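Chain IDs A, B and C follow the sequence of writing; residue 1 opens each chain.
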């Protein structure tokens, strides 16, 4: 990709609607350089949908998404994906190694079965996420954090330049979260763009170089410190903040009467 | 509605202005003056029928089903006889000649075991003056309809009129209905048909009786001929293997052992065990030919032939036999006599010579 | 010449064991079908669409009746070709229903099953009611009619089954990927819709060649039961596929063997019963996933088995 001219990822006027209901509205977002990029917003804001639109998993009603100026189908091998953990039934008769090998299928193409090279790549990816000794465990018998790391290893096995991760820290214990973050940071340091849909504001502020605040529309995007201002947060989380305030009020009232 | 229609002479009398009797609108048939003698003929016919019933136990107890007589249809001058199978159609035509109009429910090549009536068929049944069926549950799926209509239209089930002691029993204790290929047995029926026809058309009673006698004689002749012809088959080859058990009367009459792949009704299925048993039979007795039928599928027979061939025994298809249905008028099996002769020829050629008929 | 006599003496020897030519033919054909049905059915089970086979099976009747009415022929290849066309058509209707109306998957399946089966029965009933020769034979497609299989028919069934297994093996990794994580598959550029369609066609084919063995009503059991049984025994997909094929084969052999011993026993239902027995046994006694194993584990374990 010619990173000099075109942004690595560009969302131009992206609108996604489920039936009549708009989920994303006129998103204009360009990410020029490799970094650790967070997509933040309240529930139902369309964060996952943004990723899925980029990957062609949901139809885009207006606008487009380009990678280095090119459409996805021309750069499939360069884009890695970590879907949400709940999107899959973990009671599937495969083990960790089988799942990670799936990341290599893209390069193999039809009619070819993973060979020595693919297994070596998969083993190395497992090493990087710290699951090397669980390679032959059936995936249903993993903890949440381990499952998340398997998905991450699979994406690593794609050997991509851009990684899109959908809520990789959801339901994961703190230690695993830090481990995962470590891997992502290493990716960034190696010159990859890592886009992460994330739910936790505190860790977002800590981890990401740049963020985008989404609430069906793009509220703000840019370096983390500049974007995560009180003002922007108010705008994005208005509904939730109000709810929280009401909750706080109700709890306080209870405390007074008892 | 229908209830009134057949038996109400007064009603048709009202149509033509007469108070009773067979009058009105019947060109060239019934002189109006015979209304009284019509009643007389009816009594005579009834008495004859009753007397015939005393001649010995028949399969149906000697009663003409329906008991009442049907009115002639308004269209056409001749009584309309509705028959079920082509075999029965032939019987009625032989006895009645041109005096009646014969309407056949099932065309040639149809399997009467599985034939189910449509509403249109039911109409045709009710419009007829007389319904003649084969009986003994050959028309398995029609039986219920016929029974239901029995009190609205006269029904004659010919096989039911045969002496009970000459009826063969099939597996499961039910009677075997395939009586027609025993020409000697079948020759008892023209008289019955003549009687039934005379009941609805007394003017033709003599004609019917005479024709019936002639036909019965011809049947007896055909019977003797068949027996003679089939006797030319060497004793060790006298086994007839067919698609279904339709030839047991034939076998009994003419001294041939018969085996069917399916049972007496085509509704039953041949299992793998049955096929194996038959292959065993065909191979051990070195039977040279098996036979397919015009109204039954060949599939089981093909499996049988293949099984025998695998054990080194060549068995071929000896020919296609008429079983539950006669052929079209222009074929070699358009009448019962013709079909019987054709069958006999096919069987003799295949079994006696050991080669397939062309 | 010597080959033929060798074959014959082998047959006579086997006939001593009750294995006649006809029995062997039926065994070969039905066993191949059972094996293939188990393998292809495993993929639909993993794809979480086990009833697709049911929809296809019930839609075959229309094609069988239609082929007979159109060509007047009753030979197996013709009727099966008709069945294949209507099975695929039924599945197409299913897909369209799901995509363009808001009908749920199970409701859409039920609709296709009911309508197509009703239509098929009406056509079949009409054919037998008119007493067309050989029309009575068409009703055998409801419950199977193995006895009348010739060697050529059985060879055709076996060849198609084998072909289906080869196709599955060729695109196994793609089918498994789509079954496990269709979103990831789509994102990494695999044609998920096409692969799903291909799997549906495979299931339709297996169901069609299963008609002579078990009939339209029961063939879905051949496609669902052996995979379910196999799943109980293993957490490796490869092993599951092999076991499913094996269970299908054993069920077929068992059913045919029992029905050849006595007259009047239909093969199709017996095959299904054997398959069901295998499944019941699997569900109960399989290690780790079986009922007994779980009982024992919960009794002796305090913690879970997660690390």
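Keep this in mind: a residue touches a chain if its C-beta (ideal position, glycine included) is under 8 Å from a C-beta of that chain, and two chains touch if they have at least 3 such contacts.
Remember, it's a predicted structure, so these values are computed and weren't measured experimentally.
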Could you find the chain whose CA centre sits the greatest distance from that of subunit B? A
Could you name the chain whose CA centroid falls nearest to the centroid of all protein CA atoms? C
Distance between the centres, which are taken as Cα means, of subunit B and subunit A, whole angstrom: 82
Centre-of-Cα separation between subunit C and subunit B, whole angstrom: 44
Rounded Å distance between subunit A and subunit C, as computed from the means of their C-alpha atoms: 41
Using the touch definition from the top, list the residues of subunit C that touch subunit B in their complex. 8, 11-12, 15, 20-23, 25-26, 74, 125, 128-137, 140, 145-151, 256, 259-267
With touch defined as at the start, can you tell me which subunit A residues reach subunit C in the complex? 52, 55-57, 73, 76, 79, 81, 83, 87-89, 92-95, 98-99, 102, 105-106, 108, 110-111, 113-114, 138, 140-143, 146, 154, 158
Contact residues on subunit C for subunit A in the complex? 46, 48, 170-171, 173-174, 176-177, 179-181, 183-184, 186-190, 231, 234-237, 240, 305-307
Inside the complex, what are the residues of subunit B that reach subunit C? 106, 109-118, 141, 266-267, 269-277, 279-280, 294-300, 302-303, 306-307, 310-312
